[in-house]
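Across the two complexes that follow, chain A remains constant while its partner is chain B and subsequently chain C.
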Partner chain A sequence: MMILLILSLSVKAFDTPNDGGGSITIEVVGLNGDLKNGYVYRNSMEDTTFELRGLISRTSYKYVDDGAENGKEYLYKVELEFDDTTLTLFTGPVSAKAQWYDPTRTSVLIFLIIFSGFVLWFIQLARKNPEGLFIRKIPALDAIDEAVGRSTEMGKPTFFIHGLSGITDAGTLAALTILRRVSSKVAEYETPLIVTNYDPIVMAASSETVKQAYAEVGKIDNFNEKNIVYLTYEQFGYTAGVDGLMIRENPGAVFLQGYFYAESLILAETGHSVGAIQIAGTTAATQLPFFIAACDYVLIGEETLAASSYIGREPVMLGSVKGSDYGKLFIMIFIGIGVIFATIATILNIKGNSILMNAFNTFMGWL
Partner chain B sequence: MLQRRIPLLITFLTGVIIVITFFIPHPPFGKLQDDALVWYSIILGFSMLIGVDSLLRFHYRRIARREKGFGFSFVFYAGFLACFITGIISEIKFGDAFAEGTSFRYLYDYILVPLQSTMFALLAFFVASASYRAFRARNFIATLLLITAVIVMLGRIPIGAKIPGITPLTDWILNYLQLGPARGIRIGIALGAISMSLRLILGIERTYLS
Partner chain C sequence: MNISTDIWVWIAALLTLFIYSFLYKDNPFYKFAEHLFIGIGVGYTTVLLWFNSVIPKLWNPLVHGTSPMRFFLIIPILIGALMFSIFSKKNNWLIRIPIAIYIGAGSGLAIPLDFEGLIFEQVKGTILTKSMFNSFIVGFSSIVLFIGVIATLVYFYFSKEHKGFVGKTARVGIFYIMIAFGASFGYTVMARVSLLIGRMQFLLHNWLGIIK
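Let's look at the complex of A and B:
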């Protein structure tokens, strides 16, 4: 039995596909779970010594040597230990090289081209016909003026609480757009605005955004940079800081915008307990139920990202939202086709019709 | 004019290059995204100084003006100085402030971590109060939500497994009723993010420039 196994074993070394080079994969072919240990040695063809590189995985029967030099040839020796014998196999010479294109990402590229095509097409259409675009009402964005107005009437400050993500997150950039709108209204109504930040870069951006908004409505003298506060880079330290501020300052309106984690409900419930009108917006799908339960208005996922288009009402921006919607329609059609195919496959399988099932699988493979 | 054009040009070039590098593993493209993240970390490190400066000024102002609860600002200064001094001493003495047995590690393990855990534990009470409001049976839809929530909660606790049919019903609710809309929201967010990125790259979205 062992002799048969040994005769059927082979080892191959090849350049790891679709990578930036510097990597060679060593694979043992013909193994079926009897391996005790597998050692990989490498020889750089400059001398006769083999250097131990690592162990063969006992699940994939592969080892990836990430320390190879591009273009340099190597020989590999693989020692396979079984219960009662040890087998040594050689392979090579092989060299690593970098690839110029990763074919496993072709589907992403195709989708990106189609989706970008939709967005760019509708941006062009919007430039030609600015009147022909409609965007549905987003109550949470319409409620910004109401919230700031209520806060002003009550003589209380307005709070803008950033989420825990940095400036590289799309949700943070969307939050800055909303902050600009809030700042304009706050400046107009001459109500104090306190902006809490988790990330110092976001704090700097927030400060500039608020300052610009105050300048635009001609109230730059009322801008107080000290109200744009940085708290901490610790999740629950930030939560405690914001909660403390809310309890002490007793805001009339609270905006929770950005990417939140477990602190979302703690913040929203504290805001609710001080009687503030709350408008939340996040791209964190897992935190949406908490905001929906505790806040008055919620921007659900993509509504946050469409905020700048909705607030600005610029045709070109609205065009991009429409293009995005068509992209969604495109995906919905594909999901629909997928559902139909999956249903057909299930029915064919239940009926045990192997010929039709094979034909179906061939078709799916072609797709 | 240049003040706006230069940042827009940098955004355009960076955006296009990062998108291209996603498809090209060959050096120098393949590692550009990782390099950009390293640069961001370096900038973030320096920007921390701005954050700390803001925080120190904020609490100084509170103390100077004797604002409500200004005593907590003294606690902040005490905590800040304790962490700063022990951090520096530990780093000099052990080469790593987080090494076992350092005074900084002691502060971290026995003050900061329990405080964070306490804040996290508050979530249980907030979940209870929020659930109470969300699940009030005011109308048909709210009642439906209440019934579904009760079934799911029962299905997630050990006693639920003893009630016939509850566990499969819970799994069905989570895998079909809940998962479909959740995926819809996630797809929407992903497409919205791509759309926003395109607006940023093309210079249509400029609010971040202030």
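Let's look at the complex of A and C:
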């Protein structure tokens, strides 16, 4: 019996398909559950000895060697331990390489082309006529003027607190557009504005944004660069710093914009405790409940991006929001068609015709 | 009572109390802890970046490596160095180059993953199929999910005013969002309470030795 098993066993090593390279898969063919342990050793052709790399999985009978160098040839030795014998098999030479295209992700490519197509199309339209593209007004936007006005009446400064994300985050870019609107109002009303930053690059961008807004309303002399504050790149250090500043400066209005993590409630609670009117906006879904609990107005998720597009009418942002709107419409229609298709396929399947059901299952597998 | 004799436990305990003193009001102890925290944060991040990124990913391969490909590392060094152009009033526009590369690479990596991990899975999970109705609870939940996904998507559709049918559907969507936020709030508060318990355990067990 064991002799038959040994005769039927073979081991193969091949470049792991559809990956970025650096990986070789070793597979034992012909095993049926009798394996006790399987050790994989590797020789890089330049060495004289085999180095232990890992263990063969006892469920898939495979081992994936992720430590291979692309283009370099390797030999593999596999030691298979059974209850009463040990078998050694060799395979190779084999080398790893990166694939340019992963056919299992074709669905991603198709959807990406459709969605990018919507965005690019609307950016073009926005460039031609930005006023021609309709974006509904977000209620929290009116609150910006109200908050700055109230702060001015009380003779208190306005705080703009950036989130913890860098300049690459869409939420940060939207926050900068909102900062520009806030800065214009603050400059107009001649109220002090303090901007706290977690990221040094965001700080540089904030400084430029505020300066430009002051210049646009002809109040550049009132711009104080020292009020654009960099604190630290440490989450709770930043939180402690912002809290301290809020307590000492006693702002009348606080804007919390960008991507926040666990510090969201601590910041919002401190703002609430000093009696400031608070407007928050974040794409961090896990932190939105805290802002909703502790702030006066909240821009929920994508509303932050839509709000900044509404204010700025900047073609790229406007086109992106419109494009993603049509992406959402596409998804809704897709889900609706999917439900109708699945229902018809089920009815036909009950009546004995399984063609549509098979097509539906194949499509869902491809997706 | 078995008070700790470890100086670092004392420092950590006192700094914890300094930070908690903010709950009463702003005071010099809190200010001290706050400034110390910010200073250490800046220093720690700088050292971390130096030893986890610059030395192993740049310096070691470039200086101690043997592969001729290592000289390609000079390209990202030069691109990264353009970040410092922010200090030049004349050439600060150059900072757009590394930022554009950073945003492009980040989006290129994140968008396909979001499609696969979030959008496709959500769409597949929302399409009602016969197998979902094998059990009453799963079938009912699937219908609730289907309505929720569509209504929430309508709420975040900005190209139409929230009036008439769209407005009513969006209203259903905001109900779903608020229910989700309520659940998330409760869940996270529980997690935060466990953090507070951890700190109390540190103070009462590690520092004062009152509890076992």
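Heads up, the rule we're going with is that the second predicted complex is superposed on the first by the 262 of 367 C-alpha atoms of A that agree within 3 Å, B and C clash if a C-alpha of one lies under 4 Å from a C-alpha of the other, contacts with A are read in each partner's own complex, and residues count from 1 in each chain.
The criterion applied here is as follows: a residue touches a chain if its C-beta (ideal position, glycine included) is under 8 Å from a C-beta of that chain, and two chains touch if they have at least 3 such contacts.
Note that the structure is a prediction, hence the values are computed from the model and not measured.
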{"item": "Partner chain in contact with A:177 - chain B first, chain C second, else both or neither", "value": "first"}
{"item": "Chain B versus chain C as contact partner of A:29, first or second or both or neither", "value": "neither"}
{"item": "First, second, both or neither for A:52, with chain B first and chain C second", "value": "neither"}
{"item": "Partner chain in contact with A:236 - chain B first, chain C second, else both or neither", "value": "both"}
{"item": "Partner touching more residues of chain A, whether chain B or chain C", "value": "B"}
{"item": "Chain B versus chain C as contact partner of A:333, first or second or both or neither", "value": "neither"}
{"item": "Touching partner for A:212 - first (chain B), second (chain C), both, neither", "value": "first"}
{"item": "Touching partner for A:119 - first (chain B), second (chain C), both, neither", "value": "first"}
{"item": "Partner chain in contact with A:346 - chain B first, chain C second, else both or neither", "value": "second"}
{"item": "Contacts of A:220 with chain B and chain C, given as first, second, both or neither", "value": "neither"}
{"item": "Residues of chain A that lie at the interface with chain B and also at the interface with chain C", "value": "105, 108, 112, 166-168, 201, 204, 231-234, 236-237, 240, 244, 248, 262, 265, 285, 288, 290, 292-293, 300-302, 306, 321, 328, 331"}
{"item": "Touch list for chain A against partner chain C, complex", "value": "105, 107-108, 111-112, 134-136, 166-168, 201, 204, 231-234, 236-238, 240-241, 243-244, 247-248, 262, 265, 285-286, 288-290, 292-293, 300-303, 306, 321-322, 325-326, 328-329, 331-332, 334-336, 338-339, 342-343, 346, 349, 364, 367"}
{"item": "For the chain A and chain B complex, residues of the former touching the latter", "value": "18-21, 98-102, 105, 108-109, 112, 115-116, 119-120, 123, 166-168, 170, 173-174, 176-177, 180, 197, 199-201, 203-205, 208-209, 211-212, 226, 228-237, 239-240, 244, 248, 262-263, 265-266, 268-269, 283, 285, 288, 290, 292-294, 300-302, 304-306, 308, 312, 316-317, 320-321, 323-324, 327-328, 331"}
{"item": "Footprint of chain A on chain B - complex, ascending", "value": "19, 22-27, 30-31, 40, 43-44, 47-52, 54-55, 57-58, 61, 68-69, 72, 112, 115-116, 119-120, 122-123, 126-127, 129-131, 133-134, 182, 185-189, 191-200, 202, 204-205, 207-208, 210"}
{"item": "Touching residues on chain C, where the partner in the complex is chain A", "value": "19, 22, 25-26, 30-31, 33-34, 37-42, 44-45, 83, 86, 95, 99, 102-103, 106-107, 111-112, 115-116, 119-120, 123-124, 126-130, 146, 149-150, 153-154, 156-162, 177-178, 181-182, 184-185, 188, 192"}
